[in-house]
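Shared between the two complexes below is chain A, which has chain B as its partner in the first and chain C in the second.
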Partner chain A sequence: MKKIVLFLICLSGFSLYAEDALLAKIDALLTYPESDFSAEYTIIEDKPGQGQKKTVAIIFRRDEVENATIIITAPDSNKGKGYLQQGAVLKVYDPVSGRFNSTSSRDRFENSNMRLSDFTQSTLRLDYKIISSEASKLGTMDTMTYELEAITDDAPYAKKKIWVGPNDVLLQVEDYSNSGQLMRTMVIPKYKKVGNRLVPTNLILIEALRGKMVDGEFVPEKTVVVVNKPAFKAVPDLYFTEAFLERFSK
Partner chain B sequence: MIRLLLISWRNFIRNFNRFRMLFIAVVSAVALITILLAFIGGFTQTIRLKASRYFSGDVGIQAFQRTQSSHIPDPEAVLKIAESIDIPVKGVIQRSIYYHLNGSLFFNGNYAKQRRLVGVDWERERNIFEALSLSSGTYPEAGKSGQILISTKTAERLGARAGDILTVSLQTAGGQQNTERLYISGIFEENSFFGYASYMDRTALNRVMMQDESFVTEIGVYVNDEADQQYVYDFLYDALSKDHAMFQRFYSRQERYDALRTDWDGIRYAVLTLDLQVDDISALIDALRLISYVLFVVFMLIIVVGVSNTYSIIVHERVKEIGTLRALGMTKGKTVFVILSEAFFLGLYSVTIGSVVGIGLTALISAVINVNGINVMELFLVGGKLPFVISFGWMLIVAFITCVSAVIGAGKPAIDASQFAPADAMRQE
Partner chain C sequence: MKKVVLLCILIGILMPILVAEVNSNDFFSDIETLFDEESESTDSGEGTDTAIDTDEFFTGDEFVIEDSEPDESDESVDINDILQNDVPIFKGNLNLKIGASGGLVDFSDEEIRWFHGAESDSLLSVDIQPFSYLRFFGQIGVLLNETTLEFSAPDIRQFYVDYTVAETVFIRSGFTTTTWGNGRMFNNPGNLAKETEDAFSLKFSFPVFSSTFTGLIYSNAEYQKNDTAQKAAYAFLFESVINDISLGASAAYRYKKPNPEAVPPFDASMYVKTAIAGIDFTAEGVAHMDFDESLSYLGSTFEGILNAFYENTDMGVKFYSEFEFGFDAFAFYDRIVGFGLSLSKVKFGPLSPRLLASHHIDDLSGQVIIGLKGEIVPKVYLEIGLPVTYGRDGTYFITENEDPLKRRIALAVALDLKYTF
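Here is the complex of A and B:
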């Protein structure tokens, strides 16, 4: 009997370790602590009945110290607007007033379906624990589905469901409210190999509550993100300062 | 005296044609003032009603910890204090309110951000909410938790109707999104910024906010009369001060804002009057009142000057008649009294007719004119209509001042008339 209990304890310990390792692996795929990262994001919002809106932003990340800078380059009306993350502090810069204001990683990026946290490093292992898993299919691809539950208040959503493909590549994420309402689905259909790393170059974000009824059917708001020119090259320290955002806007 | 009054009344009736133009002018002015006062009264009452519903009563109690939104840790004790007020009040309520701007309602893909999501105890606030003008649906049933009242503005934005089920979404104190599906019990008429508030059962809102069922952010008192507000405020402030750490008494919203930015330890209580909550709107109402007072004064001056001029002419035209009365023994004083009484009757008659015309026109304007869609007016409307209040007190004041103005205006011509020598007066052609 004792042996069985010991075996079960070992098994659950191993299982916890394996789950923790999986989340860490997914985080590692989307986090780049060993090098600076830069890319150009083209964000196309599709709001049913309102047409499309395109925003282009350049992002610089230094995940090692949790620094990130986002600068909007299009449309002209928002050109020069920027976001600066320095550790836990996140600020938004308005080039018209020339002022920085505090914001939160949970806030929407330019009122789109993207959260500011979607631009920065992944922290699944720190914020969530796996509560269940099962084999599944995503399209024709064999995947594993994991249900996650938040373990810290820093997690933007209380529950998540993730689809993980071969080589532990994250393919889809569903974000849920505390009460279990689906809030958003993020699909990552495309990765690109840059150096020895995989970088997601295409993301599709589908809102569960925002959209429009068209011919009796719910058409959700959708945002397609295309990541161009991803690079793991050193970025000057200046790029992670307020002065850079001020200078760039001029 | 009565005989003199009868003579005055007879003279007034017989000479009415001479007063006709003046009568029309005074009637118009009284009607105009009645309309203005009725609508300003209606606006003031409507604003107060809407604001008291929005801000948790006429006097509210909040409790703050540094950098946090209001949360009353001992609602039972505070409620007991509020219920011990020694004058009759309309109601004592407790609410939980989600103040942050990211509270939203979703329906069929449409969404509407709300300035406030308000959790109420339906039974406690029944008499307050039953006064709401519902465009559709009904007042939520007490005991049924999953119901919500939304405004016409919100319903229009969502494309939702009474009976539909919407999703309310907000960020919990922990920072995560939470949602709840609620049944739209009713849609109340409101298109101003007060329409950016939705009302649901307190336990349902607490559940979405991931708070205890007993969570309360504000305790409020609805007073029976605006004049009771200060008494209730003083009572609550003094009673709370005995056992609770208090902020100072606030006399403006800015003072409250500044106080909340200071440093303090533990929990501090604040008592707020509705006047303080709506000081911007109060300023607008005060401006409207001031305009009506200025118009009132101008109108009185017109009456005084009009009556004075008219009576100068009338006295001149009636010099023979006055001379005859004087020759028959009417003293100077009685002559003055008779003419002043005529002016008083003119004032009284004009006020009576003017008030009736004013009230009729007010009701007609309110019923016929639809000012829905005019942004600046939305704040004052009830069911898309201009609200009005006919104040008996105000009408008495208007009547009194009009009659007095008429008497003052007739003063000099009356004295002049009394100075006629009867023989000279009777000789005039």
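Here is the complex of A and C:
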């Protein structure tokens, strides 16, 4: 009996370790601690009844110390507005008042369907635990689906469902509220190999609650994100300071 | 209460006439603090709680892992492409506000005191950045005189040069205002750079490990008149982040002014800021140290603030509160407490509500402003504000009341046209 209990404990421990390792592996795919990262994000929002809105932002990341800088370069009305992450602190710079306010990675980026956490390094292992898994299909692809539950207050959503493809590539994420309400679906249909790293270069975000009734049918807001010029090159330290955002303010 | 209702009715009847015959008014400044942000709107439908079919993205060859092309391998974000502009960029902010207000000088006043008028502040700026490391920026402004309705001569609001040395040190020099400190509502005592508002300044910032050091030297006409060798003031700010706590320390040294009302020559300030459950909490303390001309210590006074700030763009909620106080070896004084709240997604037609309340704990004066604001037609905002000021004559909020007639209660309605190019 003792052996069975011991075996079950070991099995449970191994299972937890394996699940933890999987989330860590997905994080590792989307996190670049060995090098600075920079890219240009083009975000096209399609709001039913309102047409399309395009925002362009550049991002610099230093995942080793959890630093990131995001600066909006278009449209002109928001040019120079920036976000600065220094460790666990995330600030937004308002060029009009010249002041920094703290913000949360859960907050929307410029009232779009992107969360600030979508720009920065993946922290699935720190924020979630796997509660179930099953084999699944996404289109014609064989995938594994995992249901995740938040274990920290910092998690952007209370629950998630993720689809993982071959080589543990993250293909799709559904974000849920605590009550189980679907909030958002994120699809990653395209990655680019830069050096020996994979970078998601195309993301599609579909809101479950934000949208409009058109001809009696709910049409959700959609956002397409195209990541251009991904690079793993050293970035000057100055780029991760408030002074750098002040330099961009127009 | 009857008087307030009467005010509302009168405003409704007389507003079109008052707007048509604009004369003079600077009452709007009273309610401006309520409306320092744009309202936002988001359409929403009933939504869906079922999974969305995304299979189309993963059929056949839809899922792609691209290899970098050889000629793309060196492609990366270049800030030169973004910052550099070979031709000057002209930008402008045009603003015209017209409106009217009626109110009572005292709560027992029998007569409603009216104001109606206009105000305008237009800015034109030119921005030249021939290289990513070098930038020239100038801004002139024209103000519409609220009393005479005449435009002022254009004056220089800002003129500065930015220079970045080897992507390591950022320098900004010229006539431009630097703001430090964490105060949001009242006097921001931690702003040791306040004198840069009318000074020529040189500011330089550079990273020190994961922290930032900023040095500041500034001077103005008053400093230049100083008989001693010191013609400038010096200040620094050191900021760092440890885990989820932001820390900052600053100090300023000025020459000893002959005016006894002048600020003491040495100031030092420290702040601690962190976010708990999405709310920013800040504590800041400032010491004003006085010395005589032989640098003998004369004594110190202290000021401090505690504030909280919360913003949720999804819910359209913005809340902030602040407690400001002064203290010395004997007692606390000038204790002021207040809060502001805006609910941009609560709608009364196109208008959304705001509330600003402040109270002086020691002299029992205060001010409460209830407001509504919204974009009624493109570029035109309607603002309605009801400020109520209370306290004995000579108390803080009675003295600071920006109403030109020092009315204790008033209803103000204004149309604000804003255009930016």
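We adopt the following convention: the second predicted complex is superposed on the first by the 245 of 250 C-alpha atoms of A that agree within 3 Å, B and C clash if a C-alpha of one lies under 4 Å from a C-alpha of the other, contacts with A are read in each partner's own complex, and residues count from 1 in each chain.
Everything below uses one rule, namely that a residue touches a chain if its C-beta (ideal position, glycine included) is under 8 Å from a C-beta of that chain, and two chains touch if they have at least 3 such contacts.
Computed from a prediction, not measured in an experiment: that's the story for all the values here.
Q: Please determine, from the superposition on chain A, whether chain B and chain C clash or fit.
A: By the criteria stated at the top, chain C and chain B clash after superposition.
Q: Who does A:A158 touch here: chain B (first), chain C (second), both, or neither?
A: First partner only.
Q: Is A:V219 contacted by the first partner chain B, the second partner chain C, both or neither?
A: After superposition on chain A, A:V219 lies in contact with both partners, chain B and chain C.
Q: Just checking: does A:P48 make contact with chain B only, chain C only, both, or neither of them? Give me first, second, both or neither.
A: both
Q: Which of the two, chain B or chain C, is in touch with more residues of chain A?
A: For chain A, the partner with the higher number of touched residues is C.
Q: In the overlay, answer first, second, both or neither for which of chain B and chain C A:L138 touches.
A: Touch partner of A:L138: chain C, not chain B.
Q: Check whether A:G211 is in contact with chain B, with chain C, with both or with neither, and answer first, second, both or neither.
A: Both partners, chain B and chain C.
Q: Applying the document's definition of touch, where does A:V65 land relative to chain B and chain C: first, second, both, or neither?
A: A:V65 sits against chain C, while chain B stays out of touch.
Q: A:G80 in the overlay: touching chain B, chain C, both, or neither? Say first, second, both or neither.
A: neither
Q: Contacts for A:L238 in the overlay, against chain B (first) and chain C (second): which applies, first, second, both or neither?
A: A:L238 contacts chain C only, not chain B.
Q: Check the residue A:N178 against both partner chains and state whether it touches chain B (first), chain C (second), both, or neither.
A: first
Q: Of the stretches 19-27, 109-117 or 397-405, which one in chain B hits chain C?
A: 109-117
Q: Shared contact residues on chain A for chain B and chain C?
A: 48, 106, 153, 181, 209-213, 218-220
Q: Could you list, by residue number, the parts of chain B that touch chain A in their complex?
A: Residues of chain B touching chain A: 106, 108-111, 159, 167, 169, 171-172, 174-181, 208, 210.
Q: Which of the residues in chain A come into contact with chain B in the complex?
A: 48, 106, 150, 153-158, 175, 177-179, 181, 183, 209-213, 218-221
Q: Taking the complex as given, what residues does chain C use to touch chain A?
A: The contact residues of chain C facing chain A are 40, 42-52, 54-60, 62-68, 75-77, 79, 82-83, 89, 91, 127, 135, 162, 164, 167-170, 172, 177, 179, 205-207, 210, 212, 214, 239, 241-246, 273, 275, 277-278, 280, 309, 311-314, 420.
Q: So in the complex, the part of chain A that touches chain C is made up of which residues?
A: Touch residues, chain A against chain C: 38-40, 47-50, 58, 60, 65, 67, 71, 73, 77, 86-89, 98-99, 101-104, 106-108, 111, 138-141, 153, 165, 169, 171-172, 174, 180-182, 185, 187, 189-195, 198, 201, 204, 206, 208-213, 218-220, 229, 231, 233, 236-244, 246-248, 250.
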